[in-house]
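Here chain A shows up in two complexes: once beside chain B, once beside chain C.
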Partner chain A sequence: MLRSATTPVLSRQRLGLAVLWLVLILVPFWVPFVGGYTQLAGRALVLGLAAMALNFLLGFTGVMSFGHAAWFGLGAYGTGLMLRYVTSSTLLATVAGVLLGGVLGTLLGRLLVRRRGVYFAMITIAFGQIFFYIAYRWNSLTGGDDGLRGFQRQPIGFGRFLLDIQGNDIALYYYLLFVFAICVGLMGLLLGSPFGRTLIAIRENERRARFLGIDVERQIWLSFSLSCFFCSAAGALYALLNNFADPMTLHYTLSGEIVIMAVMGGMRSFWGPLLGAAVFVVLQDYVSSMTVNWMSFIGLLFVLVVLFAPRGLLGVLQRETPR
Partner chain B sequence: MTQLVLFNVTNGLIVGAFYVLMALGLSLILNLSNVINFAHANFLTLGGYFAYVLIPVIGFWAALFVAPLLTAIVGIIVERLMIRRVYGRDPVYSLLLTFGLAFILQDMCRYVWGTQGLPLAVPASIAQPLSADLFFITGYRVFMVVIVLVAVAGLFAFLRYSRAGIRIRAGILDLETVAALGVNVQLLRSLNFAVGIFLAGLAGVLAAGQIGLNPNMGDSLLMPSFIAIIVGGVGSLAGTLFGGLLIGVAAAVTTVFYPTAADAVIYVIMALVLLARPRGLFGEEGMMS
Partner chain C sequence: MNLLEVHHVSKNFGSLHAVQDVSLMVAPGELRAIIGPNGAGKTTFFNLITGFFPPSAGEIRFDGTDITRVPASGRVRLGMARTFQITEIFPELTVRENVRIAVEAAAGMTLGIILRRARQEAIAHEISAAIALTGLTDRADRKVGELAHGDQRAAEIAMALALRPRLLLLDEPTAGMGEQETFEIAALIRRLHRDSRYTIVLIEHDMRVVFHLADRITVLEQGCLLAEGTPAEIAANEAVQAAYLGQAA
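Right after this comes the complex of A and B.
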């Protein structure tokens, strides 16, 4: 997507994109035949969005957040709380979730922009845990340890047409895909714009970008905020998917999982994180049904990816991009 | 009321002492190798379990030293086999690697010793309360504080006076120059890692004597240790020491007045410090960027 290249490559990429979207659209029809179920595909799609949102920052700005579960979880809680206490509109609830995570991320992001590398990661982890403890302790509002229950996604009406995402898994999947498409489309547009080029310039050589007159702190803050908004959109969808918001969606364990999805898929590629998320979700589903020691397997996956496939699945397939 | 506050301040200092042991090790590894060791809490747990196995064989006093030593040896093996491969690479890899290691170590402890909590036998001579009024000052707590003080003093003496310690401090400032002067940097990093893990193992033995053993016993210490480092200032071990004690006491005092917020208060402190003094209380300019 971001390769400046000759025409044949471009058309091959267009073809690839068309195939990808076709595969995504047809998920409810082919997934049952390979032993999956639509709910699982929904999970992969939602976590894929989260990983792509993280990668906006990690892969395309070169800044490592290890606390993105916070924005994901806030999106989930925002949506859940809205549906439970305020409105029965799924759309409004989704927007509320996106705003809750996005706005808080933007505010806290201001404190982060001067940090780099491991220190940025460390502070994002710690910030993320604030919200975990709030959700964990504020029993009366959030349900504490048990998570937030007692809300249901509601069918969405478009005039006379009613999309029954409540009872119909396939309709739900298409709602998820709809929001996913909006977010991913926006990300693609942003990365293709001069702003996106600026981010890549910062990633490649921050000092040079600064000398070129780029306000690096401001651009990183903007990138971080956008990433938070996209990630909380994923969280909002996650709450709808499960009719449940879990404090563990705020925990740094999930942050680490989102990062491994992005890295495993290939953090230099736009679609890599989606692939990484799909592989991770399927693997986790399979391994946790096979053995109680699934944690070791997931841990081993982390170690193996880092030691033997640091460029990720798509990174291995792609040629080295010319610098 | 005074007694209640005093009780909690004592508690806070003891919890803070654990944060300090954890955070000093994390800080050493972070400063020299630029690696956040996510598995640090799991090495702590491993230290506790090693003591559990060793005490029936060699007794408490020997285990207090041998268990952390064994943990440090496991640490060296892990560093040599895996962590050294990610030095100098994008920090995302070291984070993911140690994150995966944390999963594996935790699952191993669960597999070997079970999920059930286990008690760690402490010698009767140090398990008695020392005073009827101040019932919370047991011999074991005094003992823990003394051991932590000795360990911290030992660490600072090691870093100040021993050749290896001086090299570690020099390496934190400028590893390239240290390497150019003919120091074996790989070895230095291994040693530094082992020292950090030794401190975690020691904290594990002490904590196990107080709260017992379970596979997740270290987890609650990891985040506060991060915060101790951030609050104290990255790059400053004295800052880490102060930060650990500060957040330990702050959390404990909050418990008296508003228990619900006890977990959150340390994050508030962190946010305030980052706002007012981004480099941390004792941090040097530029260390965190």
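Right after this comes the complex of A and C.
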């Protein structure tokens, strides 16, 4: 985000960032003590990345997509298919997933840059459903309704050192965190750059942006494409996490859940969506063990947040600390 | 040679002829005012010049180039900057951030990711200069949305100036302002014209401002060109008097 150049704010931000990364790095050590497990934290991290990717578009460009599950699911299927049919390299499979979702998102995104608001959102839903039905029907390749099985994430070798993400949950978590950090670092770099400021300009006032000589359509296309790449990275990780790609990862219900995570966490803040995803995933895990109607609890929380904390859960937390 | 040439443009919205066969030549360094009763098509005419929408007929040339089909953002990059009748700014950002976006856009950095330090300093300098020119230095780090109306207009002009335009188009810069604010904005426009040698086209309702500032005046009525000339010629023009008195009666 644009920052004011006063030093106390900056150093406080740095401190907050350091604490946040420390918490993320130390997850395998503290999560068991609060009743969680590393796999659950990995899920929160992956969905958090998806929500942050969506928020790149929604919160920082001001464009709403209701179809981001498409890119998430394509990332998952790309990685799964690669591991099943082509290679045993987890890294290559991750890259393949990112490229499948990212490139298709970029191509299709070209078709909707002139649409705004509801029309933009409707077309993104349609894109998502196209890929859902392809995965759902193409039994021989994707496993159809049952999802894509029969692949395993493979240990990653660095020379003599082997990162056993196959059998070791903690090693897997660190692989997820590694990809997460690359994506989030890139997003932060982009949003703090002149390019990122043009996106914020479009969000704030599209007409003014246009009359500053900013090619609004091109910038929205780029923002959408980048968002697709980041979101399919999350999907690729999701396939590795579960050793499974499910057609429901392409379905618009997941798109809706990603939107809920981003908005609930706080779409005007960079990290808000991660918090939203963590709350979503933990609540889902905890409440669904008691009732099948877990979604109503999340729905209730979502409505409360939207009504009483328009800046999201992170906004509530930040209000407590003095500016 | 003229900086801006508008040849016989028309704009129809369905059966409404908002602008009909209007031509306009603006020489470099000139300050041109466009006046006319409400609904005369002034803002529509402005929108045609700046590429808000394309004309139904006619041709627009800027510095010798045909720009009739060039979109708005392309015209800005060629050197046209405009402000709006209703202030268009980024209200949630500070004055400095508003102007920074304009400076970076003008420097062709809309795809820029990494800034070198020397470039950063040059940009910071340019931002401060545009802010100083409009007298907003002491409010530079406040959110634009929180400023007084007159200061918001000044901030919008600062953004337009930050684009380093060759032609500045101001749509009713004193709209909705009190005496003091009107005076300040008029003084600012006068400085930009006399001292900084900007070529300016403005729409204005306040006749004192128009007759005080303009080199030449163009009068529109019901979408058509009614008269054009120096302030003295326009003041003496009977058709213009009739149009204004007719509206007043």
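Assume the second predicted complex is superposed on the first by the 312 of 323 C-alpha atoms of A that agree within 3 Å, B and C clash if a C-alpha of one lies under 4 Å from a C-alpha of the other, contacts with A are read in each partner's own complex, and residues count from 1 in each chain.
By our rule, contacts are C-beta pairs under 8 Å (C-beta built on N, C-alpha and C of every residue); 3 or more make two chains touch, one makes a residue touch a chain.
Computed from a predicted structure; not experimentally measured.
Enquirer: After the superposition on A, what does A:94 contact: first (chain B), second (chain C), both or neither?
Expert: Touch partners of A:94: none, neither chain B nor chain C.
Enquirer: Report for A:227: first if it touches chain B alone, second if chain C alone, otherwise both or neither.
Expert: Once the two structures are laid over each other on A, A:227 reaches no partner at all.
Enquirer: Counting residues of chain A touched by each partner, does chain B or chain C come out ahead?
Expert: Between chain B and chain C, B touches the greater number of residues in chain A.
Enquirer: Which partner does A:249 reach: the first (chain B), the second (chain C), both, or neither?
Expert: Neither partner.
Enquirer: Which of the two partners, first being chain B and second being chain C, lies in contact with A:295: first, second, both, or neither?
Expert: The answer is first: A:295 touches chain B but not chain C.
Enquirer: Taking the superposition on A as described, I'd like to know which of chain B and chain C A:55 touches: first, second, both or neither.
Expert: A:55: touches no partner chain.
Enquirer: After lining up the shared chain so the two structures overlap, which partner does A:194 touch, if you call chain B first and chain C second: first, second, both or neither?
Expert: So A:194 only meets chain C here.
Enquirer: By the touch definition at the top of the document, which applies to A:79: first (chain B), second (chain C), both, or neither?
Expert: In the superposition, A:79 contacts neither chain B nor chain C.
Enquirer: Can you check the complex and tell me which residues of chain B touch chain A?
Expert: Listed in rising order, the residues of chain B that touch chain A are 30, 34-36, 38, 82, 85-86, 89-97, 99-104, 106-108, 110-111, 223, 226-227, 229-230, 234, 260-261, 263-264, 267, 270-271, 274-275, 278, 288-289.
Enquirer: Along chain C, where are the residues that touch chain A in the complex?
Expert: 50, 72-74, 76-77, 81-82, 84, 88-94, 97, 100-102, 104-106, 109-115, 141, 159, 163
Enquirer: In the complex, go through chain A and note every residue touching chain C.
Expert: Residues of chain A touching chain C: 2, 4, 189-190, 193-195, 197-198, 200-201, 204-205, 207-216, 219, 222.
Enquirer: Quick one: in the complex, what on chain A touches chain B?
Expert: 58, 64, 66, 111, 114-119, 121-123, 125-127, 129-130, 133-134, 136-138, 252, 256, 259-260, 263, 267, 293, 295-296, 298-303, 305-307, 310
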